[in-house]
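A, B, C and D label the chains in the order they appear, each numbered from 1.
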């Protein structure tokens, strides 16, 4: 088993081999290439399980790092191609291969009959490879490579139905929006590596960068600038506000793609990278503050957007944005474990939800929940698994989502206890957004499964190849949470698994009160430097991002339960009996009219809590997202185009080119005048020569 | 005797030659003017031979003058041939009629 | 003021007068004769400067050969006679630059060499010159002979008529000043016609071919 | 073949195309096909010899000159016939022999009017000798002669086989580049006299440097800069490029983008930097700024283009901007990046021009609106190839374009020779704008792909029989397609070869 870690790169290479093989001769195979992808991922999945087991049982363990000195880059620096296997990598390997395998199996039935079936499988495998390159990277440059390849694959898969203009636009939008973030990522990586010059000849090495940061060898400006720029990359890739706009549009791709890319794996790349560089970003309160605030904004406003959607996939897309906001916010409040734990569990249940949605769409040939209804009887397996996924997403107690989301909220609470306002923000807004999440998921579930069938096709349950993955993912959506739950406080658990030795040192969070006050993220009081509240709250040893043995938090449990019940209840009120004549989510009247329109005690909460949230904030959020932020992106595009046109027409063609032509013309003008000197009269020439001689003679005489 | 006598005479002949070259239309006359200039130079060379190598074995000045006479003879031969050719082709020996080199 | 000076002044004046006459004479033959006088005068100047051998060469080559050559040239070119025919419009320019140059040069010469004397001595003997030519200067001398040979051949080639070419034809085919260049497309047929005329006696078959 | 003694091999390889051009000219013009085949044979033989040279090159000493020839040539001005090759020259030299083979193969089937393969291929081989000589000449006079030798054949290639505005484009190309060369020649003379009027040897001058006053360095570098910057071309000297590329025949465009532009950046690296280090240092920030303006500006211009070939030509401006940014960094990594970017751009853009040429042959137009989309449906292999090369050009990791761009930005963040102290902020800004340039690059390439590749073919083409990639095109394109991937996956192929040579060169900078 020990040797398995040394061969972790095989997991990465398998999908690459299968992608190439599918592209080369997939069409000749009986399953059109699907079997190659499934086989490669199956082997990779088995290996990942082995690796995960190995790292989990031995946790906390030293990371295994192996690399080639792949190429010199000049100046004595070297680009390594290598792998870094620790708990975090193993966790991601497990997550990516699991979801990818499920999607591979599922797609065989879902995509049956598609013209580009083989191409689809090649792309799926290629995508998996790209993501694994990023995950296993031992250096930031390799991570950037994986990151960009992931972006390309996502472009190819979103634009899978490229005959339609809207799909092309969605693909371009996704690629370009994330590419814009990549500017930040690339420059950030460059800045960080520049900080490593003189310390090492492998300036991109993640472990060395982390070590240098915690040893205080990197200057503050390097850390702040580098990490903020890298965070810009995460904002775009992980769908944080305001660069989330591409994610809902990306639902134009086939549903399995949405499950694989836009829910479970690709969008988590940003969070993963933040986790990888956590020791670096933890050096600056400013960076953490910015991350936390962006995360909080996203988790809340992103979730609101889902309220008014009719397209099931878009509801899920917005929920993804919101959940990613949780993860990012958790990083920003020091909840390293909480963040990646949520990433882990979210990957399973969001994949489950998307695949479930795919199953539904496959059955009714429509994405809209208004075209569904009553699916509970027709599609029992889909129904149960979808409900489990929804419960996990909503954070219902004892599901995986509950444990991981609570970790985040507790991390916020601890951080707040350290005196940072962002901790409070994460805690309370996180709670509120959990309610929103519950509500829209409940709305979707009710509209889809309850009431009468509104579709134009007789619904039918999907086949085994689709239901099988749903079942497995449903199990994981519940079970994965118990890796870090109060039921099993013993080690090893998820925390020890993903812990790296560097995180256990004293050097994390070196910033002092003065600094944090200056950054304006300090709340009332207590320091976080070398003593303390963090430790006191966590109840163990030195300052750490880890908070020790998981324990019950009855107060939080109570609040969560209340919010959950409230949201589900509200959703049931609106949608429990099928699609209402006028969907309240779509009746965006002013607040006063809504007040008048509702009666009774139940309406009180509706009036004072739901209506402002639903009718004002959500609309505002939708509008701002679609009109302003989206419009700004489009506007920048248009402005760029017109600027390009203008630049080309005026500056390039007239001014610059004009200057070039002008010099030629003036030469011609002068030559036309000067040529008259060439009269052809030799005697005049002779006279001119003699005159010149006279002048020269005089000049030389004068010089004497 | 004074050196400036021959020198001034040479200068005068040279300048008269220049005048002839510029002022005369007939190509043969232009050639004659060229001969004047060459001879002016010869006078100079001989005069300086006397100044620089009085009674010595070195005869560079005379040698140069001799060579110039030889070259001048060749030049007259070729020059007149060119004039004949020009006359045959264009029925004129006027240099200002031959202005193919103008723009 | 020695006797030599007096002789030099006389010879010099003769030479200068001949030169002026050469470039101002209205009659071509007079100009050529004036040139001969000038060249002879220069031979005299050489004598005064103790260059006896050179003076002889001057007489033989210039007065004997070159001047006659010029006379032949004048005869063969049937040049018209008269001031307008002989002088171009550049007389003013010519006078200005030649006069200017003379003033400048003579001033400089007087300033530089005003006090240098050439005292009486004997020039190098013919034996010295002979040794110099065939010992020290033999290579340039041989090159000069090559040059003369080349000039001889060149003059013959230039002055000789093309086969079958007569004076009248030459006048017809000459290129007038300002004529457009012959059109390329017309080139080949004209050549063919020319060749035909060259091969056949004029007037016999040329018309038929054309 | 011993790289220390086999200088003859380099000489033979260098003049083989010239001799080949002479042989071609002896063949009767009527033997159309035979001429084309003979050209393939000649270029292949030359390439085979260069392949042997490449194989026997001593990579352990890639920093030193190998295959040297150094004989007296024009003694009156101390010019020597001095050839050699180090790790910097080798890849460019190799490319100079690879591309003509592919071009000759391509020409066996495709030659624009007025035909005349003898003249066309002969010119191409003369051009080849000129380009190859530029990369191995180690004497300034010899370098200059080879550098200028390329102008004439390219002028005729554009002027005779070009598009409708070929006269304008060829004259513009010729005059513009010649204009720069004049200043370069003056600068060379100034260098020669300033260094004691005893040698033109690039290596000796580099070792002597820095010499002359600070004023001399500035003016001499300005001259060298003008000569090379127009060739590269650096913004704002780029306007000849789109015209030349648009009008040039396909093979001309390929060689122009593939090798000819590289002579400019090679000159900067081989001559400008080591011989005039102080001048280069003074100009570096300016070069950096112009480079980045070129990147952003070129990309903006691309967005406005409607002609595929012109778009690709403008993209060259942007890509060469990255190369110049690497040079402006004045450190080892920067020069590595510039050289890598050079080769990568040569392969990728050369390939794009091949594709644009074939596009024109299929659709008889290069207007995006005329093509109207749907290539992936209509001619799928061609469409995939086009997408592959376009994506390589926009700098996707794993393909050749990435390394030049990323490494250039990476190098520019900490420029060498003390620039980091005085211009830190400027260079950071440059890097950020260069990175934004990559987004714009991605933008116009994706937009281009969307308009020509995706969607359904318009009606006028729907029933038109259009050839997918033909056999001859496969043969001439496959090597480039493989190189794009190979360099992207294994950058050591270039970085490793150049490493010692670049380190050696940077040591001259002080």
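Heads up, the rule we're going with is that a contact is a pair of C-beta atoms (placed from the backbone, for glycine too) under 8 Å apart; a residue touches a chain by one contact, two chains touch by 3 or more.
Nothing here was measured: the structure is a model prediction, and the numbers come from that model.
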item	value
Innermost chain by mean C-alpha position	D
Pair exhibiting more inter-chain C-beta contacts, A-D or A-C	A-D
Averaged-CA centre spacing for the pair chain D and chain A, given as whole angstrom	38
Whole-Å gap between the CA centroids of chain A and chain B	95
Interchain centroid distance [CA atoms averaged], chain B/chain D, Å	59
Touching two or more other chains - residue numbers and ranges from chain A	681, 683-684, 687, 690
Residues of chain C engaged with two or more neighbouring chains	88, 90, 93-94, 97-98, 101, 105
Multi-partner residues of chain D (each touching 2 or more other chains)	none
Complex contact set, residues of chain D against chain A	172, 175-176, 236, 239-240, 297, 300-305, 331-337, 376-377, 391, 396-398, 402, 406-407, 409-411, 413-414, 428, 431-432, 435-436, 438-440, 442-443, 446-447, 450, 454-456, 490-492, 495-496, 499, 502
Residue ranges of chain B in contact with chain C within the complex	1-9, 11-29, 31-33, 35-36, 39, 42-43, 46-47, 49-51, 54-57, 59, 62-63, 65-67, 69-78, 80-85, 87-91, 93-97, 99-100
In the complex, chain C residues that touch chain A	88, 90, 93-94, 97-98, 100-101, 104-105, 108
In the complex, chain A residues that touch chain B	675-676, 678-684, 686-687, 690
Complex contacts: residues of chain C adjacent to chain B	2, 4-5, 8-9, 12, 15-16, 19-20, 22-23, 28, 31-32, 35, 38-39, 42, 45-46, 48-51, 53-54, 57-58, 61-62, 65-66, 69-70, 72-74, 76-77, 79, 85-91, 93-95, 97-99, 101-102, 105-106, 109-110, 113-114, 116-124, 128-129, 132-133, 137, 140, 144, 147-148, 150-152, 154-159, 161, 167, 170-171, 174-175, 177
